[in-house]
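In this document, chain identifiers A, B, C, D, E and F correspond to the written order of the chains, with residue numbering beginning at 1 in each.
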Amino acid sequence: MNKPKTKKLLFLFRHAPYGSALAKEGIDAVLAASAYDQDLSVLFMDDGVFQLLKHQKPDDIEEKNIINILSAFTLYDIQSLFVCQESLAERGLRNTDIAIGINIVAHNTVSQLLSQQDHILSF
Amino acid sequence: MNKPKTKKLLFLFRHAPYGSALAKEGIDAVLAASAYDQDLSVLFMDDGVFQLLKHQKPDDIEEKNIINILSAFTLYDIQSLFVCQESLAERGLRNTDIAIGINIVAHNTVSQLLSQQDHILSF
Amino acid sequence: MSNILHTVNKSPFLNQTLKHCLGRIQSGDSVLLLEDGVYAALSSQPWAMLMNPSHQYYAIKADVEARGLGEDKLLSHITLIDYEQFVELSTEHSTVQSWY
Amino acid sequence: MSNILHTVNKSPFLNQTLKHCLGRIQSGDSVLLLEDGVYAALSSQPWAMLMNPSHQYYAIKADVEARGLGEDKLLSHITLIDYEQFVELSTEHSTVQSWY
Amino acid sequence: MIFSLAIYATPSVQSSDSAYRFANALVAHNHTLYRIFFYHDGVYHGSQLNTPAQDEVDHTVRWQQFAKQHNVDMVICIASGLRRGILNSKEATRYEKSAHNLAEGFELSGLGQLVDAAVYSDRLVTFGH
Amino acid sequence: MIFSLAIYATPSVQSSDSAYRFANALVAHNHTLYRIFFYHDGVYHGSQLNTPAQDEVDHTVRWQQFAKQHNVDMVICIASGLRRGILNSKEATRYEKSAHNLAEGFELSGLGQLVDAAVYSDRLVTFGH
């Protein structure tokens, strides 16, 4: 098989952290993908935006702080991080509530992001 | 341990059939309870009302028709069957859409049913 | 032209997933209802308003029939399809996005 | 007097469960938010209107803190409690109904 | 008071964790925990093959220790369990399976044990998926 | 076209069944199914101990037969699988477990296999819980 062309992969996070393992297992998938030299983007949307909140303290529920895991994205050179502005607004969240460096994007950009991909991996 | 007093048990069905095994496993629990000589009631509410629809044909998805299983309630002498009228109306369903004999009850009776129980087993 | 096949498998009476999906579809996209998602094909529901007629809407026939949803109860602009047509749709769109 | 402790563990932004619960609570009942259900404690949301002040509303503190929801973001009439208080509430009510 | 718990959630959702914390708070308050009944996808708690990473909670071991310490009956619905691959040695033999995986401290039994728990308990608390 | 499937759902939800029907329709249309990747609670499909009742679908056997007939790669994420008690004999030995339960035809491997499937496939279809 010939080496295929670089694929555009969007990891789409739509679920809150901690309520299920989905958010964490999705992040693991992003980290795994970072080794494959593909064109990766990550978009937090709907309840997925809750993963980005500052001040998470999951010690008492014996979970790992998802912000610490998300922070690894920088180390793995995953740069194209986006959060849906509309989803933040619906939840009464502000830019200053977000714990990591990320592009806050409006509806149009979200639409573009979704439509430009070879594959969307939804978590 | 002394024989405890008869308990009032409400089996509350809030989920649609087939999408998950929850509806079917809930019905199994009702059938098991029928052997225990307790005061049983069954209430279909929210998406649980979809379990009652006529004309279900799950052959092509290789599931058992939930109506056939629900019909066993009569054989097991489970008589106190209720469906929330409001939940039917919200879904655009009419009395004639229901496949089994059941009491269609308004909000007040639903409230009473919920509050009269020793235990609510929710599926 | 890039376009997306959106699949929705949750009941809209229980879950907001359909609403989230309908708010993001674009020109050329299609929506496929399956599993408990087919309850969204019931007529006279608020989300029918959100279903823009410029898109194509489909539902898996086996899932509709399993649940006893007669044709008289369904939104008329939803096309019932089988799994082979689901496969065809996924080839005709450039991406498949699962809303679950 | 018979009364119910209602527990809700799903995010109201994703799931209609909270709405279903709030539509059925009665005099003397209480509502406990836990797990992703605690996102319902965020202020300025439509369901805040559905929360009748004649009932008591609680949320598990550990679940609120895990998710980074600061007190400034929370509805003021929701009391944060721990699991021991959850146990107490379940003894003070005659039944516990889990909305999930 | 006498409590029983019904757990329908997989270990991968937080509901599983809430049940564990509630159970601990119960016994700390000197209530009696009559039975924990694992049903639906909750039966996955009972596999001794569950092997979480070192820095993750081991749900199965945690329940085992809890049940042993507080002498609590932990029942896995046999029908739900078989369907989902939770077998003791007797069922493995009966169905000619090459292995069994029911963790010590858990017991396979019928749905009647859920009903019995409801009958004998003052409170039955459900932890759904 | 080359397809891969990602299955995140337990066998107890219909999403599992939809994936199976989609896979069959794919091969009937002469498309290539490059890989099925079981992740999250989807890994429960791979236990050979799953013992459904006689009148119920055996999800595990059905996938095994399908994969054998159509020569399809079925991968269970090793990290998700270990966490949820899906072990082959090598992992059972490594973690000193008394048994293993990975069904024949399924393979434990890393998340890279999901990424590889995305890279080599024209379409990746996810079946969520």
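What we mean here is this: a contact is a pair of C-beta atoms (placed from the backbone, for glycine too) under 8 Å apart; a residue touches a chain by one contact, two chains touch by 3 or more.
For reference, the UniProt names are A, B = Sulfurtransferase TusC; E, F = Sulfurtransferase TusD.
Worth saying up front: this structure is predicted, and the values here are computed from it rather than measured.
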Chain separated most widely from subunit E, comparing mean CA positions: C
Chain at maximum distance from subunit A, centres defined as averaged CA atoms: B
Whole-Å gap separating subunit A and subunit E, where each centre is the average of the chain's CA atoms: 34
Distance between chain centroids, defined by C-alpha means - subunit C, subunit E (Å): 38
Whole-Å gap separating subunit A and subunit C, where each centre is the average of the chain's CA atoms: 26
Numbers and ranges of subunit C residues touching at least 2 other chains: 9, 13-14, 16, 35-36, 62-63, 95-96, 98, 100
Junction residues of subunit E - those touching two or more other chains: 8, 12-14, 40, 79, 123-124, 126, 128-129
Interface hub residues of subunit A, defined as touching at least two other chains: 18-19, 21-22, 46, 61, 118-119, 122
Chains touching one another, given as label pairs in label order: A-C, A-D, A-E, A-F, B-C, B-D, B-E, B-F, C-D, C-F, D-E, E-F
Complex contacts: residues of subunit A adjacent to subunit C: 12, 14, 45-46, 110-111, 114-120, 122
Contact set on subunit B toward subunit E in their complex: 1, 4, 7, 9, 21-22, 25, 28-29, 32-33, 35-36, 38, 118-119, 121-122
Of all residues in subunit D, those that touch subunit A in their complex: 9-11, 13-14, 35-36, 39, 42-45, 62-63, 65-70, 73
In the complex with subunit D, residue positions of subunit E that touch it: 1, 3, 8, 13-15, 18, 21-22, 24-26, 28-29, 31, 122-129
Complex interface listing, subunit C residues touching subunit A: 2-4, 16, 20, 24, 26, 94-100
